[in-house]
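What follows is a set of notes on a single structure, which appears directly below.
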Amino acid sequence: MKHIKLEENINYDGSQIEPMWAFKNFGIKDSSIVSWIGPMGIQPDHLIDFEDQGLEIKGDNLVHFMIEHFDIQPADIRLCYHRQRLFVMIIKDVLHGMGIETIRSGDDLYFNTMNKKGKLSVSIATCSISSMKIHFALNLTERGTPDDVDTAGLMETGVNIKIQDVHDFRELACSKYITEVSSIEMDISKTRVF
Amino acid sequence: MKHIKLEENINYDGSQIEPMWAFKNFGIKDSSIVSWIGPMGIQPDHLIDFEDQGLEIKGDNLVHFMIEHFDIQPADIRLCYHRQRLFVMIIKDVLHGMGIETIRSGDDLYFNTMNKKGKLSVSIATCSISSMKIHFALNLTERGTPDDVDTAGLMETGVNIKIQDVHDFRELACSKYITEVSSIEMDISKTRVF
Amino acid sequence: MKHIKLEENINYDGSQIEPMWAFKNFGIKDSSIVSWIGPMGIQPDHLIDFEDQGLEIKGDNLVHFMIEHFDIQPADIRLCYHRQRLFVMIIKDVLHGMGIETIRSGDDLYFNTMNKKGKLSVSIATCSISSMKIHFALNLTERGTPDDVDTAGLMETGVNIKIQDVHDFRELACSKYITEVSSIEMDISKTRVF
Amino acid sequence: MKHIKLEENINYDGSQIEPMWAFKNFGIKDSSIVSWIGPMGIQPDHLIDFEDQGLEIKGDNLVHFMIEHFDIQPADIRLCYHRQRLFVMIIKDVLHGMGIETIRSGDDLYFNTMNKKGKLSVSIATCSISSMKIHFALNLTERGTPDDVDTAGLMETGVNIKIQDVHDFRELACSKYITEVSSIEMDISKTRVF
Amino acid sequence: MKHIKLEENINYDGSQIEPMWAFKNFGIKDSSIVSWIGPMGIQPDHLIDFEDQGLEIKGDNLVHFMIEHFDIQPADIRLCYHRQRLFVMIIKDVLHGMGIETIRSGDDLYFNTMNKKGKLSVSIATCSISSMKIHFALNLTERGTPDDVDTAGLMETGVNIKIQDVHDFRELACSKYITEVSSIEMDISKTRVF
Amino acid sequence: MKHIKLEENINYDGSQIEPMWAFKNFGIKDSSIVSWIGPMGIQPDHLIDFEDQGLEIKGDNLVHFMIEHFDIQPADIRLCYHRQRLFVMIIKDVLHGMGIETIRSGDDLYFNTMNKKGKLSVSIATCSISSMKIHFALNLTERGTPDDVDTAGLMETGVNIKIQDVHDFRELACSKYITEVSSIEMDISKTRVF
């Protein structure tokens, strides 16, 4: 499993959640995480969460993670949501290491201090028969986020976060996730079963 | 999925990791977490982690969690290890809420301050064809832990933890885990797939 | 798993077999049975059974059951058809308890007395990667059923069936099915495996 | 899938539930039902149902069905219990065709008339990683059944059942079950999925 | 599993890879291989291999094999690719028996002699949730194959291959594959597991 | 997946087929092939093939391959037998490249020339819930093989095979198998599914 760190500023319109996006666009075979920084404006026909129907999901500047797993065949959305939760918890941990405390509820992270409260992240998991996909994105700024939701931006939390910190954060979060998934495989091969 | 909070002081000798232990001893059908406080001294023939062969795994006083899942058929040790990781991360979070900072590496939690360093926990996951099991235990004290490992006890971390706090911790950790697993099921039923 | 008893008179046009219909229309998360009374006229592009291509599947008044299961991930059409058979057998049993004898062949129920012979029911099962769906419907009357098939209606069998009996039948059949599926889960957790 | 109709009078001691029994004793490869008539006296270490621990499970004369499926890999005890339920419902149906009304609760059949009430059957399902097994047996007589359970025997129900009828019943029940399982496979191959 | 040997000259345009094609066109239920001789010209929207996007996949005369498996539920593209490899290796073996040496790389067969080098075959595997499909085709002639690929035709290898040999080859390859898959099922039912 | 080439002369007594043998003896985590040269004398209680019960399975000098896969969870004996067949076909191919023609039937290789006929190999596949195992061994010599079976030894086929050739053969066969399994994973990630 590889982390591909894109330099380009891609707009997340929801099409990137489709299976094989990484292969079709970057020729990546095998499981992968692609990360980049860019805006978000999800087209209604790319909505994955039926609860979001009719809502605007958008923002001017987010750090995006697009994960695809091919190791489980057939793909299993239950396992995929377990991995999404692991990823969100790892993000929370890495933010904590940067001095940013967040609150997690399911797959959402919230910022909650006296000065600032708001939803930091959006996330969804889905699958086709052969591929499991996870999108997770963190607002860097509140600009362009929906008016009817209290949001927060990572670079506006009062903690001094520079763009290089965001790059380091991408690196560290992905590396920790890849290590985690791989450590589970190692644990399996030393475990007695009944 | 239910949490059964035992009052008795049971010795964890490793036999509790066997499938259906909760049913055979407490008549519990369905998935469950059983928690209790007690010593640990694992019998060699109850060892699950082949890496532990020849090692002593023991302690005088730990808080134990014994999880059994029947929802996945056939049982899947990979998913089981994902749930173990979720559980450990939830424990870490709850401890953080109690003012105790820990470091996680795979399924282990470590205490690491200037005054005190050491391994706080032991954990293993395993399965039979029909049942997935997770054992997780936290030292309350260092007493009785192996001499050749640096260990730490939850009640000796410098943070003021009373026995009632340990009970509250059991309650909260289990309730958060049960909610997490159930929230994943709810997420599945609102997700568009390809 | 819940039974949602609709009061409305919905036309079954085949779109209801689509995954997540219950969530999208009634906000139901989790596995469910939705039952209602209404006509049927399946649109060709909603046909699930390729053997039915070119046939008319219709009727003026039927009692409909729309089942969705999310508990098995990934969804398994083989298990889904096993559940369909269980459901049809439970229906047959409940009808027997009401004094109506039927003959079952696969997923079809037939009425067969000296006075009246004919197909009572239609049924199909299908799935997406994350959801298993079963539709089962019983003619209440022969009116509007295809001319080229011998059909029968539940309220025209010679046994005195009132509309309240149909409501009780809905209730009882769904409750027995939900109990059955749940009793299987309980049986798993008390079974020794090899 | 074949039905092997044994002529011998075999004692069911519980060892027959072990995977590959049919292959080891009769050289049968592939899925199979073996049926025979004989007594039952389950050895405690062959108990499969942990709820039966400490109970006597016995009888002097029963008709036994021992089913083994290899088609699902890895074996799935949930699917196996679904098939057990289908088998019991088919038995109930065949008995109904012979004029014997029974009541089903889970995997048990009961006889319940003014003159005679009692449990007619015993059943269990289990599996190894590669094989799914179902045992189902009907008392032909009450003789030798446990004292502390109300039992009934098929040949003592007041309906005139001769031993040839029992043979025909074996034949018919197995043939209907084999047809049912095979009809599900045929249904799969004509079903549109999402 | 049956082999259906079509006499017609069908153009392979890629639509035949769709699940249930054999049922919809020939009424075949159950797993099957359909073989025929005919041209190939894949429509871009029927492309399965994303690596082929933008390429022409065509030829004037090929022997085609279209395999569909329903035995694994849910379908598993990993197992499907294993079966594809088995099929290609069996083809290689049968060609070897006819005096034609080929080289295999993944799912491709190459002809490689002093006089003639070139790609002999095209192949792809895919699946829906309920069906696994494999297409494999061998050029009989180079005519009509893409200009930018070195290809070879079975009837132009220097070995004397008549059209009747091609028919015998179809028969033999399919019969060996069906026997192989079935021998695996038999092996399962005599294997001790842990 | 790694190939571990043992230098020691190990006796294959059947215990090596047990899950986790590679981890317990060589500390190998992850999927692996271990190969070595040595005698074989399978202990009756280590027999995996129930058809072999009562037979002697032995030889004085064989090249052994012991494969373990952890990538599929839960383990699937059907897939495992597919991989066994792939492995045997790859062995056949490599031998062909060395000038040794063999005939394959299921998982057995035979030598069959005018001068010499006989069974060259033994093989079995099995699994636990978390691990799939394949043993394959080729006689280097006929010495010590059972009297009641016609056997053949690789170094006695008339083709000039030196011990270094056997080492090269081990290397090449394992490397081709590892490449094959990995090429399937790559193919999955470029395949459109339905």
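A, B, C, D, E and F label the chains in the order they appear, each numbered from 1.
The rule we apply is simple: contacts are C-beta pairs under 8 Å (C-beta built on N, C-alpha and C of every residue); 3 or more make two chains touch, one makes a residue touch a chain.
It should be emphasised that the depicted structure is a prediction, and the values quoted were computed from it without experimental measurement.
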Could you run down the chains that neighbour subunit A and subunit F together?
B, E
What shortest step count links subunit D and subunit F in the network of chain contacts?
1
Contact distance in steps, from subunit B to subunit D:
1
Per the C-alpha fit, the turn needed to bring subunit A onto subunit E (nearest 5 degrees) is 120
List the centre-to-centre spacing of subunit A and subunit D in whole Å, with centres computed as mean CA coordinates.
51
Subunit E and subunit F: spacing of chain centres that average the CA atoms, whole Å:
27
Residues of subunit B whose C-beta touches two or more other chains
19-20, 23, 50, 73-74, 76-79, 127-130, 185, 188, 190-194
Got a list of which chains touch which?
A-B, A-C, A-E, A-F, B-C, B-D, B-F, C-D, C-E, D-E, D-F, E-F
Residues of subunit D defined as touching subunit B within the complex
50, 53, 74-79, 127-129
For subunit C, which residues are in contact with subunit D within the complex?
18-19, 47-51, 72, 76-79, 81-83, 85-86, 89, 93, 96, 104, 106-107, 124-128, 180, 183-185, 187-188, 190-194
Subunit F contacts subunit A in the complex at 19-20, 23, 28-31, 70-71, 73, 128-131, 185-186, 188-194
Quick one: which bits of subunit C touch subunit A in the complex? Just the residue numbers, please.
20, 23-24, 73-74, 129-130
